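Next, two complexes with subunit A in common: one pairs it with subunit B, the other with subunit C.
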Partner chain A sequence: MPLEKAQVEHIAHLARLKLSPDELEKLTLEMAVIIDYFEQLQMVDTDGVEPRDQFITAENVFRDDTVRPSLKQGQALGNAPESDGKFFHVPKVIG
Partner chain B sequence: MPDYKNLTATQITAMVTSGELSAVDLAEKALDLARTEGKGLNAFISLCEDKALEQARAVDTAIKQAQPVGPLAGVPVALKDNICYTGSLTSCGSHILDGFVPPYDATCAARLVDAGAVIIGKTNMDEFAMGSSNETSYYGPAKNPVGENLVPGGSSGGSAAVVAQRIVPISFGSETGGSVRQPAAFCGVYGLKPTYGSISRYGLVAFGSSLDQIGPLARNAEDLALAYQVTCGRDPNDSTSVAFDHPDYTGEIDTDRKFTIGVPKEYFAEGLDPEVEAAVRDAMAVLEKDGHKVTDISLPLTDKAIAIYYIVACAEASSNLARFDGVRYGLREGRDKELAQMYSETRAAGFGDEVKRRIMLGTYVLSSGYYDAYYLKASKVRELLRREFERTFEEVDLIISPATPTPAFKFGEKLDDPLAMYLSDMYTAPANLAGIPGISTPYGRVGDGRPVGVQFLAGHFNELSLFQIVRILERLA
Partner chain C sequence: MAVYKGFEPVIGLEVHAQLFTESKMFCGCKSEYGAEANTLTCPVCLALPGALPVLNKKAVEFAMRMIAAVGGKVHRRSVFARKNYFYPDLPKGYQISQFDKPIGEGGAIEYHSGNGSRKRCRLTRIHLEEDAGKSLHPEHGEGFTRVDLNRCGTPLIEIVSEPEMESPEEAYGYLTKLKQILQYIEVCSGDMEKGHLRCDANVSVRPVGSEKLGTRTELKNMNSFKGVERALKFEIVRQIDLIKAGGKVEQMTLLWDEKKQVAEPMRSKEESHDYRYFPEPDLVNLVIGDAWIESVRLSLPEMPDVRADRFVSQYDLRTYDAAVLTDSRALADYYEQVMTHFDDARAASNWIQTELLALLKDNKQELHDCLVSPEMLGELLSKVKSGDISGKMAKTVFEAMFATGKAPDVIIKEKGLVQVSDESSLIPIIEKVIAAYPDNVAKYRGGKAKLFGFFVGQVMKETDGQANPQTVNKLLKERLDG
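Presenting the complex of A and B:
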């Protein structure tokens, strides 16, 4: 199944990645080759197989709901590109 | 000081503990090497000079005051730059984390410091651990000490290079599909990918959460076991870490036990370099002569591992890397634009080509209409692969194979062909998919001097057998 450029553009939008026209061109070709390679899995019979997301432990981990030390506000904001010392600043969302 | 470069971690800690060597002198020596030889190899992204000397002074003081010190007292150690460590930059080899200084320590780093280790620096890596050659690092690739036109492997290329160059006796890397074992093989050092859940991932910047595992690198089996011993074990901060009653790895590393070792025919198929194959077959013959049983086995799903791996790893990466959006840390571009544009421009400027490719692939395989065909299907085949290993380890103690299909390749050789690069993980990725431990041990060299890595795989939490077999091979070689 050939991959359409429009599809790749849609995926880029979902991934919040701005692609240059060159990148879009290149990725369309590269992704098509790799996705084609993925197709070989269709040949494996997986009827009745349940996937698992935990390979070692499948038990829930409980702990008491007690207050523990956590990051101070200044530490949490310390790496922010923009903050006012109280909040992370982002561009205005509502007009 | 005795020749620092020839000292093992086990020797260093004994000499520091007895007062024969000063931790500060050792730290200064390691930092000096890092600034000179390390710089030549581009192996470090940053050094932790002040903090390292502070830690070393604390070790020396404790010894002078006859206080107990840990099992890595005074040992200089390096950490891959995706392991959070307070007071130093943690870049993940990416532009998008410019200036990021973690506000907390990874559990692995904290355990090392508690054990008396002295963390001297953060090593170069493929961006977000995505790569097999170190060439995707924003900081330029680390070089292989074996030859400067050779890649050190990846993604933990810097961690392998600093151990091979003997700047530190122990380093830590991380694996998602072979990122410790493959560079260990390329640089001629020992590398362990532990059982999933055995070393806490708290503070390891996430790539593929169901696959990621921190692992040590060293110059010999005993140091590798020591590094693992200190860092493994349950951590309340990582709910996937397992409470397992670990044996005394260094104490039990010498054994008279004779192992049954399986040779999977699929790991010796097309694409394997004949000189690498010859070295691995030589290791098999040496072990057989020593009384171990070497027997043919089959793991039919092996050739599906790379397809499963890239679907699962990219899917998980696309989700994990969503957090890099220019809000809480690192780079921000498009400051005067709308929020969504700020996100996409920050990510466009901050991520390199390989990371973008994997985010795109991951987003694609998880997107509406494709999830069942790719991610769900891959998860099911992954479960079959896990069962295949489970059945195999009912019959054999260990599996032997090459760690990589070829020795270290040259810079630029595979950079333009993503699929060829991905296939260099074909012998390592199955262990990550199944969650089992694997080790790469240097064994011989090909004609032009490039090292060969022999890989052993074992069942879950059977790291002891891995240390024992590489110790046996180390003695016989």
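Presenting the complex of A and C:
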């Protein structure tokens, strides 16, 4: 299945990546190879094999509903590029 | 439906209900509304590298309660999935949700349709997911948005209905019932103002009689049940007008503006619903056996409609009164506790509806803050029934009980409010009143029957309102008419 540049652009947009024309060219070729590989996998006979959502067999790992201390406000905001000591500041979304 | 000019709407609702667990869904941070911004976070809900989620068992149990309460099916195996999108209040870049293997499926909500009849709307699914944080958008031309991540990771259930509602009023009825059930089974506060319950609506229209569904649009941003009803009315009219003018409804999301009372299309074309769900590798599968399902089912309280029906048969109440008394589980419990101390079901029902609910409303109080215990109210009502105090006195006593929490006996004693029914103590007073107004006695005997009230009034005055009115009437009649 040939991979269109437009598809790569769309995927880049979903991942919020800006690609230069050269990068787009290069990634289109590289991703085509990856997809080819998966197409080979598709040929494996999987009749009678149960689909799996998980690679480990453990199930039902729970915690009890008990409160544990949270980080201090200053710690929580410590790595933020911008904050006012109470809120994270991000480029405006609406308004 | 004449209002809709030959068209009928088809409505489906998606409700997010915040589960009131103590801690968040995947970490031990406290789940609490109104705390100072960014004081309830940890590496898990901040999405710091290397942090891993661990599922809160209580959240699972709450979801199971709701599924059981609506008669749905709990899936033996369910899988968490990542829903990927970018937004500043979603630090991981994905929401942990459930996709093709949700915890619950099916069931139905039976609700009042607005025209007096009961209707049923089937549910598609109920699934578990985590909430995002909160963005506070700039108000005064500031160049940034503030983000508070306290809410990140709060457990939610999303309850998705089939598109089976046929009017905005039905949507309102459905939501009211859904909220009542969530509150009865004690999994969600139902408080829409605090965002504990949020509702998105899907709506399409089709010519009456047509089987084929029209193109639907999605409405968001309603912050009350009435808001949902109004937004739906607006959008139904918009779609019909559009079709009648030869246009076509486009699939899109609209945001309801409560101030302007209009629904406007979301500006960005961003939300293309390209969420690229995939199984969450950080969480193992959730497997639920029959024993757990059964124990949850057995722990459910009597559901509101069942309880209302029982109130009608057991206490001989009118349907309307039973519905008022079972509106909340706390009120229904209160009523039944009063009835263990008192034997007149209708009198108790009347008193609770007219006196108790009015005082609670006037004082902006909730029932659980009420100082009058059911036992105390039962005692008070018994005293009215036995004639120890009059209904009017009882109101005074009740107000004092409500304000102070003291027992009725204490207040009656303090206020000296004992009803005098004893004839031997009333006769001298009555004779005194008759002797004091010879003119009026003559007029009364001459045919002015209205003056009877005057004499009753005088006796009540002489006794500070403590005379039993029935006894006074009887004694006065004997003397005036005899």
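One rule holds in what follows: the second predicted complex is superposed on the first by the 88 of 95 C-alpha atoms of A that agree within 3 Å, B and C clash if a C-alpha of one lies under 4 Å from a C-alpha of the other, contacts with A are read in each partner's own complex, and residues count from 1 in each chain.
One rule holds for everything that comes next: contacts are C-beta pairs under 8 Å (C-beta built on N, C-alpha and C of every residue); 3 or more make two chains touch, one makes a residue touch a chain.
All figures in this text were calculated on a predicted structure; none of them were measured in a lab.
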| item | value |
| --- | --- |
| Comparison of subunit B and subunit C by subunit A residues contacted | B |
| Which superposed partner A:D64 touches (first subunit B, second subunit C, both, neither) | second |
| Partner chain in contact with A:K18 - subunit B first, subunit C second, else both or neither | first |
| First, second, both or neither for A:F88, with subunit B first and subunit C second | both |
| Partner chain in contact with A:I34 - subunit B first, subunit C second, else both or neither | first |
| Partner chain(s) touched by A:V8 [first = subunit B, second = subunit C, both, neither] | first |
| Set intersection of subunit A contacts, subunit C complex versus subunit B complex | 14, 16, 53-56, 61, 63, 71, 76, 82, 88, 90-93 |
| Contacting residues of subunit A [partner subunit B, same complex] | 8, 11-20, 23, 27, 30-31, 33-35, 37-38, 40-42, 44, 46, 49-57, 61, 63, 71, 75-76, 78-82, 88, 90-93 |
| Contact set on subunit A toward subunit C in their complex | 14, 16, 53-56, 58-73, 76-77, 82, 84, 86-95 |
| Footprint of subunit A on subunit C - complex, ascending | 21-23, 27-30, 36-43, 46, 54-60, 79, 84, 86-88, 101, 135-139, 142-149, 274, 276, 279, 281, 283-287 |
| Complex contacts: residues of subunit B adjacent to subunit A | 99-101, 103-104, 195-197, 210, 236, 239-240, 242, 301, 304, 306-308, 310-311, 318, 322, 325-332, 335-345, 347-348, 351, 353, 356-357, 359-361, 363-365, 367, 373-374, 376-384, 386, 418-419, 422, 434-435, 460 |
